[in-house]
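Chains here go by letter, A, B, C and D, matching the order in which they are written, and residues are numbered from 1 within each.
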């Protein structure tokens, strides 16, 4: 059987595992041959592989940011743990795992533990929805994009819960800022996505990616939407210049002030999981996902794992831009942030919807010689 | 309105010892509520049985030659100091994170919240007024944790040793693992101190 | 920069200041004006309004064992010079009227002088401890307060 | 949400030192502030009464640890007046150069810390990088990076080493374009401007009333600068302009400090030119030995002198990087000063903080307090 997708890998591993058990304990061989059981185990294996891959990528993303930030600042960043500090984040994670777990005396027990956990789990759910490459990760639900955005917008709830239950004023202020900010930026993000939907005619991320082979028709109407979306994503990810909830200068560590040890590691990890997922989402929606424009030579897209390669390359480039922004821009203030969100981005996103609709109406700009292939 | 007389005009020579606080007692400020008690998970919260089982397992593994070096390696290579500047040495502390010395190469990243720190670098003179805050910060740090006394003031009072308001050495307040001499120590000395602490952790097998 | 006590004396006379005991030359300032502490409040107004010393640099106290001295360092933007006001205070209960209404910047300086030297400033809006912990009884800059090597001591932490 | 008090400090990223800003807030608005000082009160004025005159210099370096040279200069002037000793001409010029280098280093340190408070991380690293070059110069002629113990009553400890002027000029040549770069990073950024414009405004009349001095006062339009108004050392012999701005806000303070750095470079260049052509002694002869010098030779024949202690009072004022600093040294005869009193500019600037903080937002506290340039060592002393 040819192994071409991640599902095939998972199915193969499940079959092999169950077969091995059946070989060792012959009476179990028949019940273990059940197709449903094999598929169930395959789903577990699939999830485990996905989880491992996304975790490793997240940790590499942190390494990437630290090194790149170091270079922007005339220094080197982590150097001494592993080659070029590659193992630094693993050391950090293991250390946090080993640290004493504690709860401040007056903190609310349930919220204090459940908040970070739910935050991390919901963030990781994103990877179940985002398609990575053709056949590699099953995101081909008819409304996968909506689902992705819904999962993405869980975060403020859990941040606020953990901030409130840690019984610290800084945490509380940080949590409130976080909630206000994320709610304000949900709207322009969704409107920008509407522009994408209008052009692609689908809520399915796979369809959206495949539509983008039509390069010019995609780029021209959606540039504005992309700017809005990226700005909104910066706020959703709470990165500089919109990292007010964690604004170190005034709020100590923001909503995770009272967290240490493993729970803090959850926050740290979830932040970067969201950064990774957000970057992938930007790539999928606007930068062609795992595809390249149709005029690019086919040799570039035909080698094994080409889709994942191109997707991750683009993702890291997008994230690199975020790091660059972090190294170059100061933080804005809460009122300025909300003003940017409500008064600048929302009109812009509405305009992007109008532009996209106009392009779809004329179907095509003849001078560019593109062929309309729209579904809607 | 007549002049208000000052409370204590010209007291007799104060009795020896740095007297701070009412009645000239030892300088732990007892009527201050800024002490923070930290109740750890071990006490009664959150699945005590599971926690016990896990810690038993970890303890068992801790004796083994397999897991323990890994955690030791992780612990010593990722020391997060508390972002706290006390006095002069804080400037050199900051310089150690500058471009020339770049302490982040060794995985040393300052965090602002004591909850997320492993390392308290006492970089300057500790006065009796700040002593209990320092202890509170130390107690807010989760175990395992270490203390570096940076500079002469933190080590033994330095040039202000005789002053009425200065703690003659931070080891009176918290246990110190590494002392760094200098007034202030150069950033190299701080990095050396951190590396010595790493060696100490490796030896002690914390 | 040159000391010019005659000018200050003339201006003080013109402004009708009372309570001035002596106007002495002083290296680095226009003059050192000795005044009686009872007339402090009025004299401060004169110096600010009539002589143009709008900026109060600092307030300090000196313990001369038999008496206390409190001195004020003033700066005039118009004539670009300092002047020192100084008053001798009783050793038993050293007190003087506060300068805070005239120069709001005196607030903290006087708090410090009260705390460290033990000079009481009457009608001060907020005479609390500034540098030492609340409840500290001593005034370290008094001569009777001697420094010494710290003795071996053990500190116990008590949780509250 | 109801009003609440929050404590910013003594361990808080905003404070840059040991102090506590108690803030009463309603949501994000500041209703009231109450600074709490004294966490770094080390009794420097008291210890000085137990030290020889030259030993006090050790404490001066630590009084303001980002402006050690300036405080040494301040104390030395007052002590020399109190003792009736004058320093050689060359020593005065070296002192002036040291003070200007210190101003440069202090302002760069301020820039690094201030911009980091706004969330901009890179300039912190750039600032520390460039400041280290100045500290290298200090190290070349004093041996120390932060605490120099360089000046002495009656001169300075040692002359400049060979090749120092060349090294210093190289550093200045490197720094000048860096200042332009700093400016582009900040004033060129819309976010920076929107964060800083019209923030923490303190009008000139309020500054004078509240005793606020230094860049904060000059940013409000005043031209008061002790170096111009009451020239000490050899400041009357060098050309420089007093940097001013008129808004009195955070941007104004930023602009004033940036311009002051350029003026400092200008002064240092003139000083270096003078020093090139005027060799000579850097410490006075026949200094009494009881002045005490921890580890450096005092005057050549000092020990021969009889111990006839002079008496006197010395007052000196300098334009420290943070503002107007004064020293008042009372010498009642004897080996130790009878009383030493310092006027710290930050002390006064900070005491006015309710006037420039109330009415702004919590997020404005770091830039405003950053623009004040708090050095707690000299506030608490």
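A few points about this structure:
What we mean here is this: a contact is a pair of C-beta atoms (placed from the backbone, for glycine too) under 8 Å apart; a residue touches a chain by one contact, two chains touch by 3 or more.
If you're wondering where the values come from, they're calculated on a predicted model, not measured in any experiment.
A separation of 24 Å divides the Cα centre of chain C from that of chain D. Chain B and chain C, compared by their mean Cα positions, are separated by 39 Å. Centre-to-centre separation between chain A and chain D, using Cα means, comes to 48 Å.
Chain A and chain C have Cα centroids lying 64 Å from one another. Each of the following residues of chain A touches two or more other chains: 73-75, 248, 252.
Within chain B, the positions touching two or more other chains are listed as 37, 98-99, 112, 129, 162-165.
In chain D, the residues touching two or more other chains are 12-13, 38, 41, 43, 46-47, 50, 124-126, 129.
Contact topology of the protein chains: irregular, matching none of line, ring, star or complete. Checking each pair of chains for touch leaves A-B, A-D, B-C, B-D, C-D. Note for the complex: chain D touches chain C at residues 37-38, 41, 43, 45-47, 50, 81, 208-213, 222, 224, 229-231, 313-317, 324, 326, 328, 330, 338-339, 341, 343, 347-348, 351-352, 380. Looking at the complex, you find that chain B touches chain D at residues 82-88, 90-92, 94-95, 97-100, 112, 114, 124-125, 127, 129-130, 133, 137, 159-160, 162-166, 183-184, 186. For chain C in complex with chain D, the touching residues are 1, 26-29, 54-58, 60, 62-63, 71, 73, 75, 77, 80-82, 84, 103-109, 112, 116, 129-133, 140-141, 145, 147. Of all the residues in chain A, the ones that touch chain B in their complex are 66, 70, 73-81, 85, 88, 90-95, 97-105, 109, 113, 248, 252-253, 256-261, 264. For chain C in complex with chain B, the residues that touch the partner chain are 91-95, 114, 118-120, 122-123, 131-133, 135-140, 142, 144-151, 153-160.
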